[in-house]
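Would you mind keeping the following structure in view while I ask a few things?
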Amino acid sequence: MSKAKPAPALSAAEISEILAVEFPQAFYDGSGLTIERVDYGDVRIRKAFHEDHLRPGGTISGPTMMELADFAMYVAVFSAVGAQALAVTTNLNINFLRKPAQADLIAEARLMKVGKRLAVGEVSLYSDGEDEPVAHVTSTYSLPVRS
Amino acid sequence: MSKAKPAPALSAAEISEILAVEFPQAFYDGSGLTIERVDYGDVRIRKAFHEDHLRPGGTISGPTMMELADFAMYVAVFSAVGAQALAVTTNLNINFLRKPAQADLIAEARLMKVGKRLAVGEVSLYSDGEDEPVAHVTSTYSLPVRS
Amino acid sequence: MSKAKPAPALSAAEISEILAVEFPQAFYDGSGLTIERVDYGDVRIRKAFHEDHLRPGGTISGPTMMELADFAMYVAVFSAVGAQALAVTTNLNINFLRKPAQADLIAEARLMKVGKRLAVGEVSLYSDGEDEPVAHVTSTYSLPVRS
Amino acid sequence: MSKAKPAPALSAAEISEILAVEFPQAFYDGSGLTIERVDYGDVRIRKAFHEDHLRPGGTISGPTMMELADFAMYVAVFSAVGAQALAVTTNLNINFLRKPAQADLIAEARLMKVGKRLAVGEVSLYSDGEDEPVAHVTSTYSLPVRS
């Protein structure tokens, strides 16, 4: 993209603080989630590996990947439009590409559109240290009316 | 559909037993999951309400709905082709339609295609006792080569 | 659904007239499209078979099916909220299920949600006379602000 | 990606020749389609602007975009696994992001996975000369058994 990107609306530390208060069901000590990088509409999240995400065949479960991707999109929305606790996912589409390693999962989320009503983004999920994605997600968030 | 449907490959009790052994991460005492009905490629699953699925705004979380839909599709695949522990989701698309009630979630899953390589289905999710779905899912499972 | 459905906002004849004027690129003499049934949020469209939709393997092309599904959703939106020429598709997801016959295509579209901002529906596509769908679509339309 | 990419299985000129013979319904003189670049699993296609793709509001139609994305994925599959005339789309998901300009459409398609049975990719669509995509597609092709 040739245009300079705006600064993020909130930093990683600010978003972490807000989510710990507003969204403790997902983002709590022991959730294994770390917000590693926050640029405008472009964030990186790490999910620590836990054995209890495994399923037959020894891989991290699909729902674990969907949950991480959804969380990463939520953070990406915050990075672009500020804390919108009532933003809600309207659509999520995931393609599972490869068996994940028994390692941390990394989500790279990037918004493709930030409109008045909708934000649309994509998330690539990787096993830590690998080049090829284990899953790819596109997702739409509906944004509350902002004044 | 005018043609008579085949009998299911396995009963609800048989699938429950197999999953408790093969898939205890998802299907365990306390998971809140009950396989309520199993016809051929057409199943109904109940997920008991727990407060810890809530998120800002007081609704059941998106990942909880995705996990239930994925589980329901897995059971629907078993109902059509027998126990295929290594069947894997390749694609899942979810549209979130309404705020769920603070009630059990019901998943009605129905296969639209059972091929040699792929099974494709749809899942409607309801709050128990409501007529209008809270979410709708389509999903594809890749089937292992069967002899 | 147990509740009585409202009457459609427009009849098949009314929608046909409006589209012939407002949307002649898609709905013109020779498009092969007929609006066969219009209930509230629930419509049936027929696309006449033409040889030029074939592709390698002798089937009707994917884009022909996507175009028909998108058109059927557009008509379903009209049936629920009236003529909204500026309603736009924001998301469309299609699963191709079976090789279509060399026959007319039938689209059965049904809205699952009619909100203030978004309408979400599903479309099943059939070869005329067949029981099993050849494709299944879910789609979201963004609705203009209505007064 | 850190690994060197393989050479494409076929060049742009070779793919153009094959498609003109095998897929003349889509790729013919006057289709407006040009295969501009072919790397391994990574291609660029141009669709010349024609007024008859317009719809209410003066934009290029959704089906035109879906057709171009599907064609670009087909070419990307050829670039990776050679001419597979019988490769078929099993799933396509499109998010419409912005109103396209009255200009050529550019498709950048990139495979994320090339497996034995399935190829999965994403396509970004642009109005010629613009930085921001007008639509984003993910799609899965089922590959015939290869010897």
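Things to note:
Order of writing sets the labels: A, B, C and D. Residues in every chain begin at 1.
Heads up, the rule we're going with is that a residue touches a chain if its C-beta (ideal position, glycine included) is under 8 Å from a C-beta of that chain, and two chains touch if they have at least 3 such contacts.
Computed from a prediction, not measured in an experiment: that's the story for all the values here.
The chains touching chain C as well as chain D are A, B. Taking A-D and B-D together, the pair of chains sharing more C-beta contacts is A-D. Centroid analysis (C-alpha atoms only) places C farthest from chain A.
Once the centre of each chain is set as its mean CA position, chain A and chain B turn out to be 24 Å apart.
In terms of their C-alpha centroids, the spacing between chain B and chain D amounts to 34 Å. Put simply, the C-alpha centre of chain A and that of chain D have 28 angstrom between them. Taken residue by residue, chain B touches two or more other chains at 90-91, 93, 95, 140, whereas all remaining positions touch fewer. By the touch criterion given at the top, residues 22-23, 25-26, 52-57, 61-63, 66-67, 70, 85-86, 88-96 of chain B touch chain A in their complex. Against chain A, the residues of chain D that register as touching in their complex are 1-3, 93, 95, 97-98, 112-113, 120, 122, 131-133, 136, 138, 140. The part of chain C that touches chain A in the complex is made up of residues 90-91, 93, 117-118, 140, 142.
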